[in-house]
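Each structure below appears as structure tokens.
Both complexes below contain subunit A, partnered by subunit B and then by subunit C.
Our next item is the complex of A and B:
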């Protein structure tokens, strides 16, 4: 490529590589996609080194704009990925999802998505009493939520689970809730024993 | 920027690109990113648009590059023989084009480089069948739909079946994109590896349009809440049309849309409509296709695809196939 073209390819390769190495890729895509980013980075490096082609400055600007915007994004912004209400049906198990400990009859460190998926799979009554610990965003005085992505942040959807117990931190704060699952009517809730504030995780999406 | 990025590619000699051009690019990009950051302080939906924009571009570009690599197969001797044989029997080639998806583990944008190669060899009708059918018949779509709807084989079959129906109608009705023989993107003037040349061409030629398409889709999606469209589900046909609009605007990858559809609070018909239209025709693809095949072709393609999808999914749902 000409100088600009080679630079664009090199910058894109660098962006893909840095996104994976710094964990910034988790803001954009599911973790399994990191491999795709790395392969793309390697391919773009080869293109930058070995191929000659032309690119106009404006085309270069169009390609580099998402890179520049991506640099300015931070995990705290993931709270605003979607303004839609929480889903009433949990998404099905996705590519790259491991086994759900709640479905397997255990508890422990789980996600809100796993709670909802387990509720759909085995019913809330069977889940009652399981000890759990979840990291989530406060959506209300007694409501927790997370944003779920299937492929990339463009398809972000909210899932929410109610909490019983201490009043949570102000809306939008990240908390770690420890307690056990309980069945209230047709809903599964988290009966919390402790709620502690935590900083925004590097991988804010489920 | 958008207009120029979408205009037909014009070769620019290296000596016509002074350093000032690069400085202007850096300045524009930095200023635009900074402006978005400022706007995001006042309008949270700008953040949603930013995230969607960057993630759509970052997620689609690898598939575009993979498509460019796979298109190299058509430049091998065997590939050339296949294309030559297909050019001699255009009707048969058009009928078989959607079946090509079965052997292409690519998402929708990855099919474009292959379609361009077909178009450049005069297989214009086959391009119609390929672009409207292959996105629904490829193994990634089949497997992910099965994973998202594990207890509904009818949904999987209906989605794939609709792909063949749409391809047949579009192949028969829509005029093929105007044949335009371009320099072979696999050829490199310095004798560099041709398979990398195709990737470079895709980067300089299609990636800018991909960025523009991602920006458009992200902006409109952030402005229209999904709930506004899903609330139209009380009337199945209206719900299906609303979900087709959502699929068009969201422009999400065809390897993920089945999972998103499965979680949408709508009925089977709207879900199927969402899954069938998205891979075949969405905003991001419309921008890419406009860049490659022209606005007239995109409009005629969309004018046929949209009603055919609505009819096909309605037939599937009312016949109990789902």
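Our next item is the complex of A and C:
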């Protein structure tokens, strides 16, 4: 029994470590959380070495079930777990977020979340005309979306931005859109000049 | 005897928990029922303030444009538009939006109240955007005053205020109707 408990702790520690090293952790949590995974792995190694835990096979299976989920999860599958309802207001800031180039007065390679956060911070008039390039999923003929997580994949929510210009690829496809931001009424949209299909990125979450 | 006591104790705990839960749900429902109409009315006042801001921004646009052509090389036109833009007061709208006191969402509520709450939240976000756009237009036009000017920011801010205030007014109207306080009956 004691060996069984130690084995479970060791497998969990290994799973946490491998998840961080292979980048698979990004399918479950935000990148800054990797440190927490590594600390957990270290603590579990200590547990495996020093603690004599009495675990029944059923309890062991229950503890290891999330590991099985983590192993079988793919970027596409993780992205499908997102809630259908799009956020009306994007989270203003999250732990581990870098500076937003749009708020700093620049453009370039940005995310849909950064566009929405900049819109909430400075409005659409100041953003109009900024050149942008975004990777996103097609949500409609002229709508782009991404899944945003604040902590973990379990809290994933959709954020969406409208596109003006060429009709996008079929719904669910990943695209890279280049163009500039435009203000239409009280909405900020991406006036696209080019739209190219891309493959699903390793980390589908923002 | 011991089994009876345990049963009584268990029933007492469950009953107390159920009573506490019922009271909490009831209190939050009553709070929402009383608070939402006030919030909807405050939101309506804010949308009316947004209408005043729209009129001011329209004036700035009209000062700068002749037809569809911006008079960016006409010093008098530019100075007039800038003065008008600076006079467009966003503080009143900010104050009106800050006054909106949306009660906490009740655990159990009906579809009408849920939709009315959604209308207020959506409309409030829209009006906050209108304020940002009006300030953004002023900032953009001030930055351009010594360099290459164009009147795009002024037009965009006016369009934002116009569509935002119209949409917010419609949402406030709908929210009040959903809550059983249509505007015709509000003082």
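Quick note on the criterion: the second predicted complex is superposed on the first by the 204 of 206 C-alpha atoms of A that agree within 3 Å, B and C clash if a C-alpha of one lies under 4 Å from a C-alpha of the other, contacts with A are read in each partner's own complex, and residues count from 1 in each chain.
Criterion: a contact is a pair of C-beta atoms (placed from the backbone, for glycine too) under 8 Å apart; a residue touches a chain by one contact, two chains touch by 3 or more.
Small disclaimer: the values here were computed from a predicted structure and weren't measured.
Chemist: Is this a clash or a fit when subunit B and subunit C both end up on subunit A?
Modeler: Pair status: clash.
Chemist: Which partner does A:45 contact after superposing on A: first (subunit B), second (subunit C), both, neither?
Modeler: The answer is neither, since A:45 touches no partner chain.
Chemist: Would you check which partner chain A:123 touches, where first means subunit B only, second means subunit C only, and both and neither mean what they say?
Modeler: Second partner only, subunit C.
Chemist: Which partner, subunit B or subunit C, is in contact with more residues of subunit A?
Modeler: Partner touching more subunit A residues in the overlay: B.
Chemist: Name the contact category of A:18: first (subunit B only), second (subunit C only), both, or neither.
Modeler: After superposing on A, A:18 lies clear of both subunit B and subunit C.
Chemist: Which of the two partners, first being subunit B and second being subunit C, lies in contact with A:90: first, second, both, or neither?
Modeler: A:90 sits against subunit B, while subunit C stays out of touch.
Chemist: I'd like to know which partner A:27 touches here: subunit B for first, subunit C for second, both or neither.
Modeler: In the superposition, A:27 touches subunit B alone.
Chemist: Show which residues of subunit A both subunit B and subunit C reach, each in its own complex.
Modeler: In subunit A, positions 88-89 sit in both the subunit B and subunit C interfaces.
Chemist: Which positions of subunit A touch subunit B when the two form their complex?
Modeler: Answer in residue numbers: 1-5, 7-9, 12, 16, 19, 25, 27-29, 33, 36-37, 39-40, 43-44, 46-47, 50-73, 77-78, 80-85, 87-95, 150-157.
Chemist: Considering only the defined contacts, which subunit B positions touch subunit A in the complex?
Modeler: 1-2, 4-5, 9-14, 17, 21-22, 24-25, 28-30, 32-34, 36-37, 40, 44-45, 47-48, 50-59, 61-62, 65, 69, 144, 147-150, 188-190, 192-193, 196-197, 199-201, 203-204, 207-209, 211-212, 214-215, 217-218, 221-222, 225-227, 250-253, 255-257, 259-260, 262-263, 265
Chemist: Please give the residue numbers of subunit C that touch subunit A in the complex, ascending.
Modeler: 121-122, 125-126, 128-133, 135-137, 139-140, 152-153, 156-157, 159-160, 162-164, 167
Chemist: So in the complex, the part of subunit A that touches subunit C is made up of which residues?
Modeler: Against subunit C, subunit A makes touches at 88-89, 119-126, 128-129, 183-186.
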